[in-house]
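Naming follows writing order (A, B and C), and every chain is counted from residue 1.
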Amino acid sequence: MSYIEFLTSYGPQLLEGSVTTAKQTILAATLAVMIALVAGLMRLSKNRFVYGTATVYIEIFRGTSLLVQLYWIFFVLPLFGLTLEKFTAGFIAVGMNLGAYGAELVRGGILSVPRGQWEAATALSMPPGKRMRRIIFPQAFLNMLPPWGNLLIELLKGTALVALISVADLMFMARKINGTTYLSAQVFGSALIIYYLMSRGLVTPYMRWLERVMARKLGKIK
Amino acid sequence: MFDWRWEFVSDILPRLVKATGNTLLASVLGYGIAAVLGLVFALTQRTRFALVNRAVREFVEFIRSTPLVLQIFFVFYVAPQFGVMFSPWTAGMIAIGLHYASYLSEVYRAGIESVPRGQWEAATSLSLGPRRTYSRIILPQAIPTAFAGMGNYLVGILKDTPMLSVIGVAELMHTANAIGSEHYRFLEPYTLVGLIFLIISLPTAGGLRRAEVKIRKKMGLRSI
Amino acid sequence: MKISRNDYPLQLEGETIPMVRFQNVTKRYGDLVVLDSLDLDVDEGEMVTIIGPSGSGKTTVLRMLMALERIDEGVIYVEGQPMTHMARNGTMIRADNKYLRRQRLNIGMCFQHFNLFPHMTALENCIEAPVQVLGLSKDEAVARAEGLLDMVGMLEKAHEHPSRLSGGQQQRVAIARSLAMRPKVMLFDEVTSALDPEVIGEVTQVIRKLVAKHNLTMLMVTHQMGFAREISDRVCFFYDGKIEEQGAPDELFENPTRERTQQFLSAVLEAR
């Protein structure tokens, strides 16, 4: 079977899987960003309970494996009365895991804004909430965009694990086709290339674009 | 708590502890391969031959942009198509070693690039050859800078070893799965696996941070 | 590359061979001509100082002599032997790395920012190349290094890492490190520019000592006009990659003949 024949027979299935992977990525990324913002800000709190809660969350999710977390959420949570559908369990696990890494980027980004900016905002009598939202965060956001680009690629790669709880993503489809055809090089090779194109053809250019737009908004010439 | 059974825990704990040995072995072996291969990737990207530099660069980029779990399948299932049979362990070590070699090569590269140009020029003006310049002047300064990244990936590789379960390497996750399907109980094995990872990775990360401070001090380098 | 045996000799001959000869040396960065057909001879034991405005190519002269980068045209000779080129089948071809490494042994260089190896102690800095390159035994190298560290007044600090030394101390160690290779020519590139004013003296004192006691050939770039005048046998004023004017220090500082030299000197001396 030539590669062209292979693609015409199995391309549609791989495409279908890719769409699921894209959905998982977008949902997980949204969740990760929200968690990162909340946990990252909590890590800057002076309140020990708030700080401690975020720290425990981050340490648990960064200290164990994504796969362990995924299985735990999918197989163990139902015992606590919380049953998630596999698609939902998938992106929630990925989002919660990468969100913990993102929280540290948020914290680092905020700390990277020079002291003078905090002081200037305070001197203008800005209340803390406004100071964060209008002065500190926009600058922090620009600083943390490059590492977020890498994190989102990690996130995309992380979604491949949801195949192990039978979410029909690209990885899952590749395994399925491999199981019936044994054309391993073609199937897994194609899947690798699709993941590569998604990373470098979609995620990276999108993040570069976002960096440019934000830089322009903040009056930094790039 | 929610039907948590301690006697079941004490039944399965010995098996999990034994599997932890395999997890650690896989991490250390994988990291060893990655550390050496990563250096090769980093140095070959700095040769004079533009074509070699470019090819290695693209390869590293490709590996870094695609999922490890898929790479594990690829190595395990594709090799037999070309007449080579890899055991799960061999395939797993090749995949994880290559994957982390790509990450580490970037860490090394950043470390090498952080060494100021003046150090190269001083070495050149003392007639040190390229090999000695690397081994005695540049790498000793690059490695402490790279140490933080290297440490992160050591913990990272540990946390990625559960993926080896998909091709049947009998590490922690694989054992927990087996226990789960034998007894139809997942609460204890998966929770214990999570705890074991925490118990290993948290102190390791802390220890690495302290070691970094110590190394810089010992080498007379300023701390960052 | 415009090199052939017709243009340049494979080896300088004659009664007095200069220690260093720049012959028609040109260096460009892209379109920028940094050295423009430079000719410069330095005799054995001579102390030549290079002064001139920023960007005039002073550092570049030293870097080319040390062969840290390639020149575009011309030849540099050290002791009559081409430094930048080597003889192959009766013609001159560009030197390969191995040849360059051997030729560099004749030359020592001290940098503006010292460039000591931070992961080695002062002593280790000084024995590294003698052991690794010259093949000295560790004991010989240590003995040699200790003598030199003593000469620059840094023997007590021999086991300190550079991060624990002041700028002036680091620069003195750097001088000892270069001397440990027993070069015939020493290059100093603004060795006091990165130093606090109160420690400049300790470094210039070491250079004075070298001039007085050793028969080293030296090429020094400096912005310290007083020191240049006091210590040099000859001063070269660089402008736009060329020697605009050169002569004995008293001559050049008292009666500069070129307008650019006059402007430069009055600007520099006024700034004090």
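As a convention for this text, a residue touches a chain if its C-beta (ideal position, glycine included) is under 8 Å from a C-beta of that chain, and two chains touch if they have at least 3 such contacts.
Given the structure is predicted, the values throughout are model-derived calculations rather than measurements.
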Task: Relative to chain C, chain with the most remote C-alpha centre - done: A
Task: Chain nearest the overall C-alpha centroid of the shown protein atoms - done: B
- [ ] Using the touch rule from the top, work out which pair, A-B or B-C, shares more C-beta pairs.
- [x] A-B
- [ ] Go ahead and note the Å separation of the Cα centroids belonging to chain A and chain C.
- [x] 55
- [ ] List the centre-to-centre spacing of chain A and chain B in whole Å, with centres computed as mean CA coordinates.
- [x] 21
Task: Rounded Å distance, chain B centre to chain C centre (Cα mean) - done: 46
Task: chain B partner contacts - residues on chain A that touch it in the complex - done: 59-60, 62-69, 71-72, 75-76, 79-80, 153, 157-158, 160-161, 163-164, 171, 174-175, 178, 184-185, 188-189, 191-192, 195-196, 199-200
- [ ] Give every residue of chain C touching chain B within the complex, in rising order.
- [x] 63, 66-68, 97, 101-102, 104-105, 107-109, 111, 113, 115-121, 128-129, 132-133, 161-164, 177-178, 181
- [ ] Under the touch definition given earlier, write down the residues of chain B that touch chain C in their complex.
- [x] 116, 118-119, 121-122, 124-130, 132, 136-137, 140-141, 144, 219-222
Open item on the list: Taking the touch rule as given, give the residues of chain B at its contact with chain A in the complex, in rising order.
Closed with: 2-3, 61-62, 64-71, 73-74, 77-78, 80-81, 159-163, 165-166, 173, 176, 180, 186-187, 190-191, 193-194, 197-198, 201-202, 205
